[in-house]
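What follows is a pair of complexes built around chain A, which joins chain B in one and chain C in the other.
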Partner chain A sequence: MFGQTLYTQWKWNRDFLAFYTAVGFAAPLVILWIALPHLGLTSALELVSVGNAVGMTTAVIASVAGLTVAWQGYGIDDRVGHIYALSLPITRRRALAMRAGAAALVLALPALGVWVGATLAAGQVALPATLHSYAGSLASRALLAAWLAHACMFALRYSAGRQAKMVLATLLVGLGVLGIAVVLLPPVRGALSSGYAFLISNPGPFGVLFARWTLIDV
Partner chain B sequence: MTHAITIENLAYRAGRHFAIRDLHMRVPNGSVYGFLGPNGSGKTTTIRLLLGMLPPADGTISVLGHDVPHGAHHALARIGYVPERLHLYPMLTVEETMRYHASFYGRWDATEAKRLRRAFDLRAEQRVGRLSKGEAGKLMMLLALAVRPELLVLDEPTDGLDPVVRRDVLAALLEYVSTHGATVLMSSHLVHEQERVCDWIGVMDAGRLVAEMPMHAFRSGIKRLRIAGAPAHASPTPFGILARRAGAGREEEWVVRDWRDDMTSWFANENTALREVVDLDLEESFVETLRAARDAGGRAA
Partner chain C sequence: MSDARLVVALMAAALTFDAASLRGQTSTLAIDSLLRRVHTLDSSLIVRSRALDSVRRSLIRAVPPVDVRRGAMQVRTTADLEPRVRTAVDSVAVLIERRGGASLAARVAAHVPLVARDSTRSIFGAVPVLSFASDTSGRWPSTTHRPIPASATSAEVADALAGMVEQFALQGVDSAFGAWIMVGRVPLRPARPSEAADGYIEIMTAESAALRRCQSGDKESCLDVLGVDSLPGARLARWYAPQDYRTLLRAVAPAREDSAAVAAWVRCREDRDEPACVVAATSLANDRVPTPLSATARVTFLREVLEAGGANAYERLVTTDGSVRTRLTEAAGMPLDTVVGRWRARISESRPERMRLRPGLIVASLGWTGALLGLALIRRGPWA
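On to the complex of A and B.
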C-alpha cells in the first residue's frame, strides 16, 4: 500500500523532482566556478563567503522543492475532488500519513543532488588547513528544510483546501502589518523581535531555514 | 429482512439552498436498489454521506453493519464504488491504476481484473487521463467489481455512455450480481434503465426520499383513474391519492398509488363511476410521484 502511494507520489512529482535535483546538484558547482576565478582564492574569508552563497542557494532550492511537492500533490487529489482518496478503505489519518511519508521520501532526491554537487564542488577547491567543507551537513539541512517547507504547505493545503491561497495571502499580509507595527510602534518592537528571533533561530521551529547555511566553514 | 444500508433521521446542509432533511432509507440485502431523482435532488450527496465522505449534521448511517462515518473505512473495504465522474489519477496508466487500487483491498481479484480488462478492451499502458468517457466508465466499473464487493454503490454509472458501452457495463454488473448475490445501490435519472435492472426503488427530491418500495409495487401500483362524478371530499380511500385533476366535462383524473384491481368496489360505494384505469410506465409513475411530493411540500410550506 505504501509502496503504491510512493509510486504515485513519484509519478506526480517526478518532473519537478528531476528539476530540483539537477538544480541542487548544479548550484554549488556553478557558484564555485563563477566565484572562484574572481575572488582570487587567497582569503579564507572569501572562501567562507562563497560557501555561504552556496548554503543560501541550497536553502532556497530545498524550501521551494518542499513547497512545490506539497502544493502539486494536493492539487492532483483536489482536481478529482478528493473522491478517490476518500473512497479508499483506510482512515483519513493513515491516508495523510502515507501521503506525507511518500513526499518525505521523494524529497530526499533534491538533497541527494545537493550532496553530490556540494561534494564535487568542495573537491575543486584547495582549502586552507583552517577551513573544512560540509557537503554532508549541507545536504542534511537541505533535506530538513525541504521537509519543513513541505510540512507547512501540506498542513495548510489539507486543512484549508481551496481556501489555502487566501489563508496564505492573509498570513503574508499579517506579517507585513506586523513588520510595519514594529517600525511604527516601538513598545511592541521588543516583544515582536523576541518572538521573531525565537521562530527563526535554533532551536526555533524555522531555525533550519534561517540559521547559518554554508558549504565551507572553519 | 436485513438491510445492507440503513439511514435514520439523516440531516445534512450544503450551503444556504440545499439540505437533506430527516432522511430514512433502507436498502435490503441482495437487492438492486434504484435511486431515482432529478438532477440536484441529493442523490450524490446521500451517496457521499453513506460512504463517509461527508459528515452528517444529524442522524445515523449503517452500511454493512458498520457505523458511518466512524467505521467507514471498514465498510469501504467491502464496497465497490463508481462515482458519477472520473475520480482516478490521470497520470497513471490503466495497469498502474489497477495495481494502486489493488494495494488497498485484501479482496482484490487479480484474475477477474485481468479478465474484465480484456473484456472491456482496455489497454494496460493507456494513461487514465487519455481514456475516452466510455473507457473511463469501464475502468471504474472494473475497479469496483474486482474488489469482489458485497455492496456496489454506483452513482450514475452509465450517464453519458454510448449504448454499446452502457450495455457492456450493465452486463458486467448483472453478471457479478447474479454470481455473487451482491447488493447494489444505483443512482440514475435514466428511469428506463432502472426499470430493467432494479427490484427496489427509492425516489429522492429536494433532499427528501419521497417514495421507497419494491419495483413491482412502483410499476403496478401507480395508476391513473378516469372518474365521473367524483365527490368533492373523498371518504378514506384504500389507495393513496397522489394527484387529483379536472378532466373533460365532469370527469376527474386521479393518480393513485398502492392500487389493486379489487379496489374498484370503493367507487361503487361512493356512487362514483370509475371509467378507466390507465397503467403508467415507470417514467410516468416517477413524474407523478415527484409532482405529488412537490404539491404536498408546497401545501405544507
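On to the complex of A and C.
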C-alpha cells in the first residue's frame, strides 16, 4: 500500500520535483559562475557573501518545494472529491500517514540536487585556508526545511479542509495585527518580541528556516 | 515676563552671544581663512547650543530622588526603578572591585550616573525607554549610552551601567593609549560569545598579508596589525600584498587630485584590472592606508591583556607611564608575545561553526514537523 501511495505521490508531483531538483542543483553553480569573475578568487569576505546568497536561495527552494508537494497532493484529491482516497481500504489516518511518509521521501530529491550542485560548485572555488564549504550541511538543512514547510501546508490543508484558505487568511491577518500591535502598543512589545524570537530560533518551530544558511563560511 | 522666564532668557542670551562672531563678518580676501573662520564659528555655535540644551534640561528635569549607592558606585534614579537599579548597582560594584581596584573606584566615584524613565520617537508615536546619563551635576554627559527598553531587566540595566563604567575607566588615561584603543572604553565585562565569534570571523576573512603571517604564528606581525608595534617600512608594504589591493581599495580611494590614480582605482574596482590596482594602491599616502583589523580586535586583545594580568591589571594599565607596549606589558605582567599567543589561541577556539547541524536543531525541527503532521492526522471528520 505504501508503494502505491509513493507511486501516486510521484505521479502527481514529478514535474514539480524535477523542476525544484534542477533548480536546487543549478542555483549554487549559477550563483558562483556569476559571482566568481567579479571576485577574482581572492576575496574571503565576498566568498562568504556569495555563500550566503547560495544558502538563502536554497532555503527558498526547499521551502517552496515542501509547500508545493503538500498543496498539489491535496489539490488533485480535492478536485475529484477525494474519490481516490475514499476508495482505499484503509482509514483516513493511515492513508494520510502514508501520504506524509511518501512526501518525505520524494522531498529528498530536491535536497539531493542541492547537495550535488553545491558540492560541484564548491569544488570550483579555491577556498582560502580559513574558509570551508558546507554542501552536506546545506543539503541537510534543505531537507529539514522542505519537510517542515510540507508539514505546515499538510496540516493546514488536511485539518482545515475547504476552510484552509479562510484559516490561512485569518492567520495572515492575525500576524499583521500582531505586527501593528508591536508598533502601536509598547507594553505588549516585549511579550510579542519574545514570542517572535521563540518562533524563529531553536527550538522554536521555524528555527531551522531562520538558522544560518550558507555554502561557504569560516 | 515672569522672573523665571527672564532668567532663562538672560542665560540663553549670555550663552549664545559671542562678540567674536561680529568680527567674523568683516571681509577677508583669503577664501581659506574665511572657511576656517566659518568652521570656528560653527564649532562655537555647537558648543553653545549644547550648553543651552543642558540648561534647558536641568530646568525641566529634576534629578531623580532615590540615591542607590554601593561601594564607589552611586546612581540616582526614581522610586519605581529602584529595585532593578539596586540589583544592577550591586553587580556593577562587584565588577569594579574585582576588575578595577582603587584607580577605577576613584574614577567611578567622580560621577553620579542617572537612570530615569524617558521616551523616544518611533514611527507611530513615542516608545518608553530607560535613559542613562553619566552625571547629574555636569552640564552635559561626559559619556553616553543609548536608551534601553523600559521593560529591561536588572541584568540589562547592569550591562548599561557597566558600559558607562568602562567609559569612565578610560578617563584621565593618556591620549596615545586612548587613540590606540579607539572605542573609548576599557573592556572590563566578560566577552559575549557573539563578540568572540565576530572577532574570529573578522580575522579569518580580513585580507591582509600581515594578518596571514600573524595567523601562521608570526607574533611580530600580530603586534603590528594590532597597532602595538610598528615594523619597519610603509604600511602598504607591511600589511598588504598585491592580491589584497583590490579589497583594500574598496575601503579607501586615492586622493582626488591624483587623476591618474583615481582612474586606476576605477579600473581596479570595475574591471578587476590587477596592474591598475597596484597603481592605485601604491598612490595611497601612508597615513591613508587602513589598519587590517578593526577596533573590535584591539578590544579583544586588551581584554586578553587584562585577563592575563589578573586582579590588578587595570591598575597597572592606567598607572604605568610610557608607550602602549609598555602599558600593555605591565598590565599583563608577562611578555606581550605570550599574550599574543593566548589571544590567537582564544580566537582559534572561538570559531562559531554556524553551519554545524546541532542535534538540538534536528530534533526540534523533526519534532515540530511531526507535531504539524499529527495535527492533520488527529482530525476525524470527512476528507474535505
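Here, the second predicted complex is superposed on the first by the 215 of 218 C-alpha atoms of A that agree within 3 Å, B and C clash if a C-alpha of one lies under 4 Å from a C-alpha of the other, contacts with A are read in each partner's own complex, and residues count from 1 in each chain.
Keep this in mind: a residue touches a chain if its C-beta (ideal position, glycine included) is under 8 Å from a C-beta of that chain, and two chains touch if they have at least 3 such contacts.
The structure displayed is predicted, hence computed values, not measured ones.
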Chain B versus chain C as contact partner of A:D217, first or second or both or neither: second
Chain B versus chain C as contact partner of A:A155, first or second or both or neither: second
First, second, both or neither for A:L86, with chain B first and chain C second: both
Partner chain in contact with A:V167 - chain B first, chain C second, else both or neither: neither
Partner with the higher number of touched chain A residues, chain C or chain B: C
Which of chain B and chain C A:I200 touches, first, second, both or neither: neither
First (chain B), second (chain C), both or neither touched by A:S43: second
Overlapping contact positions on chain A, where the chain C interface meets the chain B interface: 81, 86
Chain A-touching residues of chain C, taken from the complex the two chains share: 122-125, 127-128, 149-151, 200-201, 204-207, 215, 243-244, 246-247, 272, 351-352, 354-358, 360-370, 372-373, 375-384
Chain A to chain C touching residues, read off their complex: 37-38, 40, 42-46, 48, 77-78, 81-82, 85-86, 92-93, 96-97, 100, 130-131, 134, 137-138, 140-141, 144, 147-148, 150-152, 154-155, 157-159, 161-162, 183-184, 186, 189-190, 202-205, 207-208, 211-212, 214, 217-218
Touching residues on chain A, where the partner in the complex is chain B: 1, 3-4, 7-8, 11-12, 76, 79-81, 83-84, 86-91
Residues of chain B touching chain A in the complex: 51-53, 73-77, 79, 81, 83, 85-92, 96, 99-100, 103-105
